[in-house]
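The two complexes that follow have chain A in common; it is paired with chain B in the first and with chain C in the second.
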Partner chain A sequence: MAAAGTCGTGTRSTGSVVAAASTNNVTSFHRRGPRASGADSGCSRLVSIAGTRPSVRNGQLLVSTGLPALDQLLGGGLAVGTVLLIEEDKYNIYSPLLFKYFLAEGIVSGHALLVASAKEDPADILQKLPAPLIDDSYKKECDEDVCSHKTESDVKMKIAWRYQLLPKMEAGPVSSSRFGHYYDISKRIPQQLIETSKWHGFFLPEKISSTFNVEPCSLTSGYMKLLQFIQNIIYEEGFDGSNPQKKQKNILRIGIQNLGSPLWGDDICCTENCDTSHSLTKFLYILRGLLRTSLSACIITMPTHLIQNKAVIARVTNLSDTVVGLESFIGSEKETNPLYKDYHGLIHIRQIPRLNNLIYDISDVKDLAFKLKKKLFTIEYTLRSYGIRGQKYLLSGHLRKFAVKKKPYLRRLQTLKNIY
Partner chain B sequence: VTPSEGVRRGSGRILAMLESLLALGGLVLLRDSVEWEGRSLLKALVKKSALCGEQVHVLGCEVSEEEFREGFDSSINSRLVYHDLFRDPLSWSKPGKVLPGGPLEALKALDKRTGSGPVTIALDSLSWLLHHLPCPTLCQTLHALSHQDSCPGDTPPGEQVRVLGLLHEELHGLGPLGALSSLAQTEVTLSGTMGQASAHILYQRPRQRPTHQTQWFSILPDFSLKLQAEPLLESQPRSDPHTPSVDPTTHLTFNLHLSKKEREAKDNLTLPFQFSSEKQQALLRPGLGQATSHIFYEPDAYDDLDQEDPDDDLDV
Partner chain C sequence: MWWVLLSSLRCIHYSPSSHPAPLCVPELGMFPELNNLLNTSPEGAEQGKLTLLCDAKTDGSFLVHHFLSFYLKANCKVCFVALVQSFSHYNIVGQKLGVSLTAARERGQLVVLEGLKSAVDVFFQPQEEPHPLQFLREANAGDLQLLYAFVRDALEPVDGGEAVWRCPVLLVDDLSALLSLGMGPVAVLDFVHYCRATVCREWKGNVVVLVHDSGDAEDEENDVLLNGLSHQSHLILRAEGLATGFCKDVHGQLRILWRRPLQPTAHRDRNLTYQYKIQDKSVSFFAKGMSPAVL
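After this line comes the complex of A and B, so read on.
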C-alpha cells in the first residue's frame, strides 16, 4: 500500500497564491515555497526541531526510538507521523523496556509526551523511566564488553572476516547528543526532568464511565475515548499546524501500552470470532490518519501472542508502519540451545515502511538477538556464535556481493576461441 | 532424592508454599481440572490468610455456603465474609439478603468496600463468572480489584489485596485462559501422577523474569497443606545418566575424526577468499582518496593472465 502524504512536514505555505500576490508583481503566479509564508522561517524549521534529523536516504524527518541500535535497524530512526508496533514477548518483560526507552528519549529531547495505558497509571510509568547516560560512563560499559568479546571474535572470523565490522552495532555515543541517547535501566530518571517535560496521561479506568455497557457502535468505548483524547491534544497543542504555535514546533510522542488486551475492553484476545473484531483495526486506521497530519510519532505495544485470530494479526501488521517483534527465550526450548546462550531473546523486524521510496532500508542479516544486561538493552547479531561451517553458509548467500568472477568467464571464452 | 530427604526438605517449606503464593499479592490464579480439583487448595489458602488475621471475603457461585464453610473451625468461619451468589444468582427472590444486580455488581461491591489492612478475596469460581460476564469486563474488574491501592510505588506487604481465583481450565478455550494468565501475578496449575497432586507455580514478579517451581502436596481434612516428596516414577524410567552414551561415530566405514596432523594441515590451508591480513584491512577500511571501488584479483595456480579481449574475435 503506497504511503500517502508527506508525514506532516509542515512546509505548507500559509498564504494562498492570490494573497501572496503583492502589488509589485505583474502576475499572480507565485512559486509556493517557504518565501511565500510570512514571518516563519520556512523549511529550515524542520531541522531545527530538537531531537529530530532528516533521513539521509529519503529526507524523511526522523526521531530516535531511544535505542540507537534499533534506530540503525530501522534505517536511521522512526519517521515522524508513523506508528511503531512492538509485538510483546510472552511474559511482557522486554517490551516495556522499549516503550520506556521511547518515552525517555522524548523527555531528554524535549518532546511532548502522551502516555496511554489501561494497566498502569501514566504518572507511575513516567517515574520508572531509565536515566540518561553521560557519554563517559557508556564508553566504559562498551569497552568492558569489547574486551571480553575480542579474543573470541579473532579466532572465529577466519572465513567471514568481512563481517568483523558488522557486530559493532552501536557506534558508540553520538558526539553531538542531539539524536539518540543511551540510558541506564538500573537508575530512574531524575525527577526534575519529568517535571520540566510536558506530558499528558490517559489512564483508561479513570476515563471510562462506571457503566460497563457494551455499546453497539463499532469502536470499543475505550478506543473511542483514546482517539478523542489524542485528537484534542493534537489540536489544542498545535501539533497539526492548526493553531500556529508561538513557540518552536515540537514533536508529540504518543505511547500506548498493551493495546488490544482485555483491559482496554477489547475481546480480540479472548475469542476467535468476536463481535468487535474490527474495533482494533479501525482504531489503528484512524490513529494513523491522525498521525499523518501532525508532527507526532507513536509507539504501541500489543500482546499479539494472545490474539486468537491470526488474520487480525496480519491486518494489524499491515495497518502499522514499522513492526518489531520480540520473542523471549523464557520457557521455550530455545533457552537451552547453546547458540542462544548469551542472549535473552530474538528480535524480529517484521515490517519497515516504504515512505516516499520504492525500496526498503533494512539490512540483509536477519539473525538479531537481544540481551538485557544490568544497565543496558543491547541488540546484536547472533553471528558470533557461528562456527566455521556457519560462516561459510552465511557467506554463500552473500557471495554475489563480494566476488568478482572475471577470469573464469574469460577462460571459457578462451577455450572456445581455441577450438574454433 | 530419597523420600526422607525430600520430606525433610519439604517440611522446612510446609508453610512456605502457601505463604509464597499469598506473598506476591495481586491475582492468584488456580487452574484445576476434573481430575485434580482446586477447591481444597483454595480453602487451604483462605484458611491460611484467615489465620494470619486478614479480612477474607468469599464470593461463592458454585457451591453453597454451607458446603464452603464445611471443614473450617469456628474461628475461621467467623472471619469469613461470604457473599452468596449460588442461592439466587439472577435475584428472582425479593430483596433480602440477596445481592442485587448480579455478579458484576457483586464484584464491584467488593471493590468499593473500604477496608483497612490486608484483604484476601476468594472467587469461587472464575469459570462461573466467565460464563456470565464478557471476558474483557471481567478482566477489567479483576484488574481494578487487585490493584486497589492507589498509592504508587511499592506498598508495604501488609497492605496488599489478594484475589484468589479458581478457574476450571477445561471449560474455557485458549483465549480466556491466556487473557487471565497475563493478568495474574501467580499462576498455579494443578496436576499430578499416580494419585499424588502437584502444583506447578509460576511467579510473575513485576519487572523480573518469571520463575516457576513444582511442588507435590496433599491437603489434609482440616485444610492444611502437607508437602510431599516427588514420587518415584517407576513406570517411566527417565534417561539414566549411568549408562554410557553410545558414540555413533565408532563403527562407521568412513572417518569422521581428524587426527592432530590432519587438523594442522587443514588449518594451514589457504582458502580462496582468505586474503592476507593487510589486504583484509585494506578492504575493510578503504583508504583516503579512494573514491571508486577497486577490484582486487589474486590469480590462483591455473590462471593464465591473457589480456586480450576475446570479444575481439566476434564477428559482430
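After this line comes the complex of A and C, so read on.
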C-alpha cells in the first residue's frame, strides 16, 4: 500500500541517513563536492565543515535550509554551490519565514552570512531571526500538543492501521552540531548569537548613493553593485580557496530578498516588455558562476507572481538550481476548500537539480501543504481529492505521531469510512 | 488485505527477462539502448549532421551526457561549450558512463569552454584578449562571432599531420542560456549557421545542440530559435515529460525524428516515440505503455 511504502521511506531517510552514509564508504565519503575551493584536480579529502554533511547519493556537500522537512523534500539539504529560489506567495507572508530559517541555520551552524535586501536593513533582518529550539523546549512543545489530544489517542485506527504500530517517539534536536535545527518563531534569536556570528550586509539604498564608476552594462546598477559586493566578500574571505592560509573552511550563506522587485531598480515586475529584461537572468547566471566556484549557498526570494512576462519566469527557473514555490490560501477560493482547512498554503517543489548524477532524489508525493503554527512552520502531505486510496501522510521531519490525531483528521477518517 | 496483495504484486515484475537485453555490452558506456534506437554505434557514427536536442517540461541533460560520451568513445575531437554546469559535473557523470573527461582533455581530444567560470572571469576583470563570452560586459548584445572563433580554433584540423581524430564535433549545452544572457535569437541562429557551415560541411563533422522548449511560457525568442533549428537539423531528439504528470517509473517520453535522410530510398521523416526511465548509470527505453513497472 502506498501509505506503508511512504512511511517506510520516511523513517529510513531520517533515522538512518547518517548510518547509511557511514557504511557506504565506497561512494559518499570518497568524493567531495566539486564546488569547493578551486581544486579542480578532483581531490578526495572529506571536507569537514560544521553544519554540512555529504549527500548519501553522490557525496555532494549539503547544508540545511533551516527546515528539516524541507531538507528532506530536497533530497537531504541544499547543495553547496547552488541557488535555492523561493517563489514568494502573494502577500509575502510566508516566504520571509523560509528566508529567516535559512539565515538562522547559518548562525547556529557558525557559517558566515551575507544578507542583501533593498527593503529592509540587514541588521534589522538579523534581529528578527527565530530562536533555535534546544532539546528540552522542543520536547515540551510536543508534550503540550500530546496532552491536548490525549483523549483521542485511544481510538484505534481502522484504515491507516499500520501507522498505529509506529513508535511514538519523535526525532527531535539532539545538539547544536546536528544537521538541521528547529526554531521557535515566536521568540527572537539571542543577541549574543548574532554578535558572535560573522555577517555582511548589503542594503541597497546605502550602496546606491555612493558614486561608482562602472562601464555601462546591461545589468541594472543595483544588481551590478550586489554582484561586485558578493564577489568581493568571496574573494577577500577566501571562500573560493584564494587564501590558502585559512585553516578553518567555512560556508558562506547568501540571502537575497525580493530579487526582481522594483526596489532593486528592475522594472520586470511592472511591464511586460521592459528594457532591462535580460538584467535579472544575467544576474542569476553570473551569481551561479560565483557560487559554483566557491563554498557558498544562496537563497533568493522572488516575487514571481508579479512578473508580467511568463517567459522570464521560465528562464529564471532554468537558471536556478532548486526552485520552491509557495502558494498561500489567503484570498483564494482554496481558503474555503474543506480539504485545506488546516493549512495555510501549498508548497510546490518545482525543480530539483541533478548534480553530478543522472538521477535525483524526489519525493513521490507532490501534494504538499504548509501550516504556520504559533511556534513552528510545518510541511505536510495532503490530498487533492478523496479516493479509495485516500490517506493522510505526515512527514517524518516534523513527525507528528500518527496515533495522535486532531479532531478534523478524525472527522475525515470517519467520512472516508463512510465512503468505503 | 487487498493493498498488501498489491504491494506484493509490485515486487514481482522486476525481472530482467521481461525486458529485451541490449545488444551492446554494458561496459561500452553511453546508453547502449539509445544507440540501438538511433541505429548508431561509436564505430560507425555518421558525419556532417546537425542534431537537435530538445526538452519540454523535463530535464533533457541526459542526452547531452550520452552524446558527449558517445563521441569521445568514437574517437572524435570534441569541442564542448558547457554553459550551464561546471566541468566537474559532466566529468563525474561521464565517469559513470565510462569516459574520463579530464583524461580526454589532457590528451587534446576534448576542448571545454566552462561558461560559468569564464563568465565570472570576464565580468569582473577586463580581459586583454578577446574572450568568447565578451558580450557579457557589453550593454547591447552584439553577436557570437568571438564564440564562433573559439570553436573554429578548437576544432580546426591540424594541417600536414595524419588525422588523429575521426571528425570534429561541436556540442553546446545549452543554447537557451545564450538567450537569457541577452543574445537575440537571430544572433544565436547565425552562430549555429556558421558552425554548421564550417564544422559540418567543410570539415565533415557533427554539431549537437540542446535547446529548451518553453511550452506554455510563450517565450517567443526561444520559439524562433527552436523552430529555426528544427528546420535545419537532421535528427531531433525531444525529451518530454509525461502529459499526465509525474511518474516514478516512467520519467518521460523521447521522440526521435529523422529528417533529411541521407539515402534517398529511406523513409521520409521517420518518427519514433519511446518512454524512458533514467537510472543511476544508464537509461532504459521501452515502447509506450510497456514499462516494466506496468507489465
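Heads up, the rule we're going with is that the second predicted complex is superposed on the first by the 290 of 420 C-alpha atoms of A that agree within 3 Å, B and C clash if a C-alpha of one lies under 4 Å from a C-alpha of the other, contacts with A are read in each partner's own complex, and residues count from 1 in each chain.
Quick note on the criterion: a contact is a pair of C-beta atoms (placed from the backbone, for glycine too) under 8 Å apart; a residue touches a chain by one contact, two chains touch by 3 or more.
This is a predicted model, so every value here is computed, not measured.
Q: Is A:Gly241 in contact with chain B, with chain C, with both, or with neither (first, second, both, neither)?
A: Neither partner.
Q: Looking at the overlay, does A:Arg315 come into contact with chain B only (first), chain C only (second), both, or neither?
A: second
Q: A:Gly201 contacts which: chain B (first), chain C (second), both, neither?
A: In the superposition, A:Gly201 contacts neither chain B nor chain C.
Q: In the overlaid three-chain picture, which partner chain does A:Pro54 touch, first (chain B) or second (chain C), both, or neither?
A: The answer is neither, since A:Pro54 touches no partner chain.
Q: Once the structures are superposed on A, label A:Gly110 by its partner contacts, choosing first (chain B), second (chain C), both or neither.
A: neither
Q: Now for A:Asp121: first (chain B), second (chain C), both, or neither, which partner does it touch?
A: First partner only, chain B.
Q: Over in the complex, which chain A residues touch chain B? Could you list them?
A: Touch residues, chain A against chain B: 91-93, 96, 118-119, 121, 123-124, 127, 158-159, 161-162, 164-165, 205, 212, 214, 261-267, 269-272, 303, 305-306, 308, 330-331, 402-404, 406-407, 410-411, 413-414, 416-417.
Q: For chain C, which residues count as touching chain A in their complex?
A: Within the complex, chain C contacts chain A at residues 3-4, 6-7, 59, 61-62, 65, 84, 86-89, 91-93, 96, 102, 115-117, 119-120, 123-124, 136-141, 176-177, 179-182, 212, 214, 216-222, 245-246, 248, 278-281, 283.
Q: Contact residues on chain A for chain C in the complex?
A: Residues of chain A touching chain C: 1, 4-5, 31, 34-35, 40, 42, 58, 215-218, 227-228, 231, 278, 281-282, 284-286, 288-290, 292-293, 310-311, 313-315, 318-319, 354-359, 362, 364, 366, 389.
Q: Taking the touch rule as given, give the residues of chain B at its contact with chain A in the complex, in rising order.
A: Chain B reaches chain A through residues 104, 134-141, 143-144, 152-153, 173-176, 178-179, 182-183, 204, 207-210, 212, 271, 273-274, 280, 283-284, 295, 297, 299, 303-304, 306, 310-311, 313.
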